[in-house]
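Just dropping this structure here.
Per-chain numbering from 1; labels A, B, C and D assigned in written order.
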Amino acid sequence: MTWAAIAIALIQLVFFVFLAPLVVGVIRQVRARLEGRAGAGVWQPWRDVRKLLRKNPVHAEGSSWILTAGPLTVLVSSLLLCALLPLVGTLSIPLIPNDLFVIVSLMLVGVVALALVGLDAGTAFGGMGSSRHMTVAALVEPTVLLAIYALSIPAGTSTLSVIVGTRLQTPAVILSPVSVLAMVALAIAIMAETGRLPVDNPSTHLELTMMHEAMVLEASGRDLAWLELGSWLKLAALLGLLGNLAAPWGILTDLSIWSVAVGIIAVAAKVLLLGILLGAGEIFLAKVRLFRVPELLAGSFTLALLAVTASYLVA
Amino acid sequence: MTAVTAGMLAQFVLASITAALAFSVPASVRAVVSGIACALTAAAGVVTGALVLAGVEGSLTLALALPVDPLVFEPTRLGGLFMVVISSVGVLVSVFGIGYAHGTAAARTSWMSLAFFLLAMQMVPAAADSVSFLLMWETMALCSTILLLAEHRNRREVSSAAIWYSAMSQLSFLLLLGGFGVLAATVGSTSLAAIGSSVSHSPAGGLAFVLLIVGFGSKAGLVPVHVWLPRAHPEAPSHISAAMSAAMVSVGAYGALMVCMRLLHDGPLWWGLAIMVIGGVSAVYGILQASVNSNLKVLLAHSTTENMGLVFLAIGASVVLRGSGATAAADAAMLAALLLTVSHALFKATLFLGAGAIQHATGEVNLDRLGGLLRRMPWTSAAFGVAAMAAAALPITSGFVAEWVLLQAFIHGSPAGGAPVSVAVSVAMPLGVAIVALTAGLALLTFVKAYGIAFLSRPRSAQTTASEVPVVMRISMVVGAVAVLAVGVLPGPVAATVASTMRLTREPLVYMVGAGGISIPGIGVLLDPGALAVLAALIMVPIVVIVLIVSPNHPRRLSALPWGGGGSRARPRMQYTATSYAEPLVRVFDDVLKPSRDVQVTHLGESQYLVQRVQVEQRVTDLIESRLYRPLLNRAQSFGKLARRAQNGSIHLYLGYSFAALLIILVVVAV
Amino acid sequence: MFTNIYPQLIGLFAGALLLTSTLMVWRHSLLASIGLLAVQGVALAALVAVIGVEAGDAELLLVAVLVLTVKGGVLPWILARESRATTRITDESPRLNPTAALLTVAGLTIFSYVVIGRILIHVSSVPTHAAPIGLAMMLIGFLLLVTRRRARSQLIGFLLLDNGIATVAFLTSGGVPLFLELGISLDVLLVVVILYVFAGRMHTKFGGTDVDTLRELHD
Amino acid sequence: MSAAGLARMIARAGRIAEPAPPAPALAAGAEVFGGSVDVRFINAGGCSDCALEVMSALGPVYDVERYGIRLVASPRHADVLLIVGAVTQNLLEPLRRTIEATPTPRFVIAVGDCAISGGAVGNGYGVFGPVSSVVDVDLNVPGSPPEPAQIVEALRRVSGR
């Protein structure tokens, strides 16, 4: 059992390192097509990373080891997400159950590392990005926790793989109002968490509108590669989680070649589908003002809170 | 005479010796001698507490020349736990003080009162009856006031802070006096054990509960009686603020825990809800104030309010859950409360000592003028960083474990046996999760700001001369940080010990799993940060391998100016400051913080369309202070003016008063 | 077969009602709110239909059809047409800032859950579990009436209020008699049309239906 | 605009990008980039006509992104410095800083005659000299101003697609 779980974790790790750049490539491609361009092809993120790894990073004078360690921390926290979340299978390592609060705190480690990278060189834009990034992160956290709390009530535990397993066995749960409200809230929170529109515009060149981009302005070469890969992995992993919560079918519950194949294909399909939806959806969205973001998050927070209380009071 | 008795006696003796030494030895060696002596006093506390936790019993009776019964000290296991926590902070503080204390902070009085301050704090949890409790409590308050006043010659603010502080601590003392009085009256004994055994939920019990909770809450720095914290801490010498903010507030928490676990246990639901409300409000309000503050020590003080708020939230949750039948979750919540207190004591001590080190090195605690200390003060930055992670509840620190247990207790609130969830639980628990989450998020921002602005980026003012602090100060900070990490990586032993101090519904509450992980079978959860750390380390390996394969000729790192758009080199003044870092947050919480902005535009003489300079000033004040206390104080003042008229110093008037009084008494007696 | 998904369906449609009400507070754009109103009408009709099927009550199904046509079709259509015809700016700047409003919504919903829990302590049929959502809708409707500035948006609040009343009626008493529902829907329809056309005319005449400014009209 | 209207517009617009001409030969030393080129555009002090051509070359009609070429916000991220105009005294220092801020290996492309040789303004009093006098240039795009297609071709020689 333990070995099976570790094997699944390894499979998820390797597969998502392969999948994440592809997802980003797909999102960009969809956007390009809808904007009337040919697009760089779905493999472009791969080429970007390969190139960045070959370059000699430049460090700002007076910047510290944070500029080297921060990106690695971001990457590792995202990799931990990929290893622990129930993506390909719902088996979880006995000593490290993919507990909701642990997962969220691992995510926050990455968030903090990124914010410190932004501050390290001591440039104006870095600080600006870092400040905005942390503000959004602080406001997102309640929504994320409450949303998954709402989802956890039917399963009676905060272990994500059990939650997904429960939804797999009793699909009726998925359509319950609680779950619907919670999923909407969670989706919004994830958009904010991964810096997509309408909270942050990942493809902006205008520093004043940046959050994530502004923090990585000083990073180059390998450091930049880790940062980018880290954020892509996070996006892919969270999309995978969303997909498995919304449609848990295909996720494996026991280890066998056949089920592994099915699990991989299923999660890839879900993530890529969500990626396409995301790319297409972003065409129709504009970035909201930074100070309208709290409204958005308050909205999703309200939905999540309603979901939780309702799930207690209705049943 | 058991070892515990001996230990408590030793603390009294050592404290007295310390005071004597501090008084007698010459100033040249005073710091070293009395610092070591204080450390020994505290160490005696650690040992005694450890013995109590190990199950040794013992009592100490001191007959005083006071017209009261002899003082009795007989620590319970809970008391033992707090004795350990408080006096370990005491050790760190004393050692740090050797290097830190200078000027008036190193005077005789300061060291003497530090000794008695530590003693009093260590003995409060040991008190077995309300009289000795209150006596130790008051000693603690007085000594801390003296310590707070240490630097009053140098700065004017000190005295006003001291006035606020002593006013608040006297208030809390009076409340406690009232509370214990009521209890003693209803039970007929001042012994805490007697009170605990004959628990009464009568109206009198309710009254006592309210008085005690508010009294302890004010010492723990809860809203709305928190106003002394942000004033006292920046003015006190840093090792004293560490002692106050890490140890003394824990004494306040101990009081609340004692009330809810020992004196008035299994209280009605509304007690729990009331504590939850106070705690929740304090947590959110405290961290909001902290996140928008730029003075490092004020920031830390407000974050103390936040952490104590969380502790009270947990206590209240435990009462509510017990009241509505979810006993396992109730125990878990209480465990969370204790873990939060322990973890807070450790990391807050380290943080304040770190702030002290910064002040020592740069003479500055205003974040807006700090920066780039990482390379100049590597030890301080490392210790402060670890403690800040704990304050932000990040893994693998003690803070994370504590908040994790709390959240788990919240979400497992549905009672055993599938009974329907009470409305109170179904509303209070989600809100509790929301509060903890929001608090954690804001704490994250606060401490990223504190660390990033102070240690990263470039110096914002001339601290190019700053250098690492003396080795004793380094040692105490690093020890604190190591303790934070130890509890964070191997929470198992600590949690088990903590759980052994509680009155449990089912034994045992906590099992150890793996290397040092914890599992709480009652609510079926498990956490092993050690395994998590190992996994993270294992994941690092392939990355390194990949790096070696993809780019074997290790790209050499070039250095260049910070990118400032190619224009003139980016000056330190262009960096984000702590104030600007928190600006978005101030806007988001505009309605709550009500910052006062004023914008001054100076136009050119020639034309009013050309602006010469724009000056923007934004100040965030403590709303509760300005809206609640100011009016009260003004009232009091006007009343005082009134009273002065009756006090014009004429002897005849006073005689007249006494004559009138006599007549009235006679009338009363006659009727 | 139907009886075991029956609670699911009730829950789903009740959830839809709550969701749409929350979104009405969230969105400022008038047209968006009208769209939400239409969705809500459909959800309400579906709810009625489900109850009807469960109770095997033909009259309720008839009511459902009626609700669908009036609340889900006619009303929104008229409103949308009128607004497109007469208003230039369809955005609303409410008195309460949206964040606070949304948190208020959460509070109101929890409150109504508590209240209903106290009132219907003895009843425990499936629909009564969802009854609080109806009450919450009424409260949210009031909230909109209070906080919105322009007459049209207040009308949305009014309609939300009406939907809430209907929901409570259906969920608790298993539906009102047909003719009563008929009467209610008809005069609601009448009121709305009159108010709305009136508001439209006023808008064209005085160029704005901000209630605060309208106060000046009567003196 | 409503979502439906936007969707209709997208459907109506269809493909804006023109069909891609055959790929030119890969420039020597550009293998390292492997089909991913991030461009930082610098106007070293030219009149803005080359700049305008560069902007249109980077627009959706020529759609350089399909060759793996992107405009980036920071020289730290850049592989190619696209420099137009003869280097003026005032922009000499910023140009130097930008170049040293760009991680190696990097390509420098001089666009337009002024950038290559100084051109018509080469001996103006405010002019320091051509780009080659500041940093050794890897690729030249002659013309005053060059056509966008030429600029795109130069970039494609770096990206190799």
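One rule holds in what follows: contacts are C-beta pairs under 8 Å (C-beta built on N, C-alpha and C of every residue); 3 or more make two chains touch, one makes a residue touch a chain.
Note that the structure is predicted; figures quoted are calculated from it, not measured.
Between chain A and chain D, the least number of touching-chain steps is 1.
Two chain pairs, B-D and A-B, are weighed by contacting C-beta pairs, with A-B ahead. Compare each chain's C-alpha centroid with the centroid of every protein C-alpha atom shown, and the nearest one belongs to A. Seen from the Cα centre of chain C, the chain whose own Cα centre is farthest off is D.
Each chain gets one centre point, the mean of its Cα atoms, and the points for chain B and chain D are 58 Å apart. Centres computed as Cα averages put chain A at a distance of 36 Å from chain C.
Centroids built from CA atoms put chain C at 49 Å from chain B. Of all residues in chain B, those that touch two or more other chains are 423, 427, 558, 560-561, 563. Contact of a single residue of chain A with at least two other chains is seen at positions 50, 54-58, 217-218, 221, 294, 301, 305, 309, 313. Among the residues of chain D, those in touch with two or more other chains are 74, 76, 101, 103-104. Inter-chain contacts, as defined above, occur between A-B, A-C, A-D, B-C, B-D.
On the side of chain C, the complex with chain B involves touching residues 97, 100, 110, 113-114, 117.
Within the complex formed with chain B, the chain D residues making contact are 74-76, 94-95, 97-98, 100-101, 103-104.
Taken together, the chain A residues at the contact with chain B in this complex read 13, 50, 53-64, 66, 72, 75-76, 79-80, 83, 93, 95-97, 99, 101-102, 105-106, 108-109, 111-112, 115-116, 119-124, 126-128, 130-132, 134-135, 137-142, 144-146, 149, 152-153, 156-158, 217-218, 221-222, 290-291, 294, 301, 305, 308-309, 312-313. Across the complex, chain D is touched by residues 558, 560-561, 563, 565-567, 569 of chain B.
Note for the complex: chain A touches chain D at residues 32, 34-41, 44, 47-48, 50-51, 54-58, 204-207, 210, 213, 217-221, 224, 283-284.
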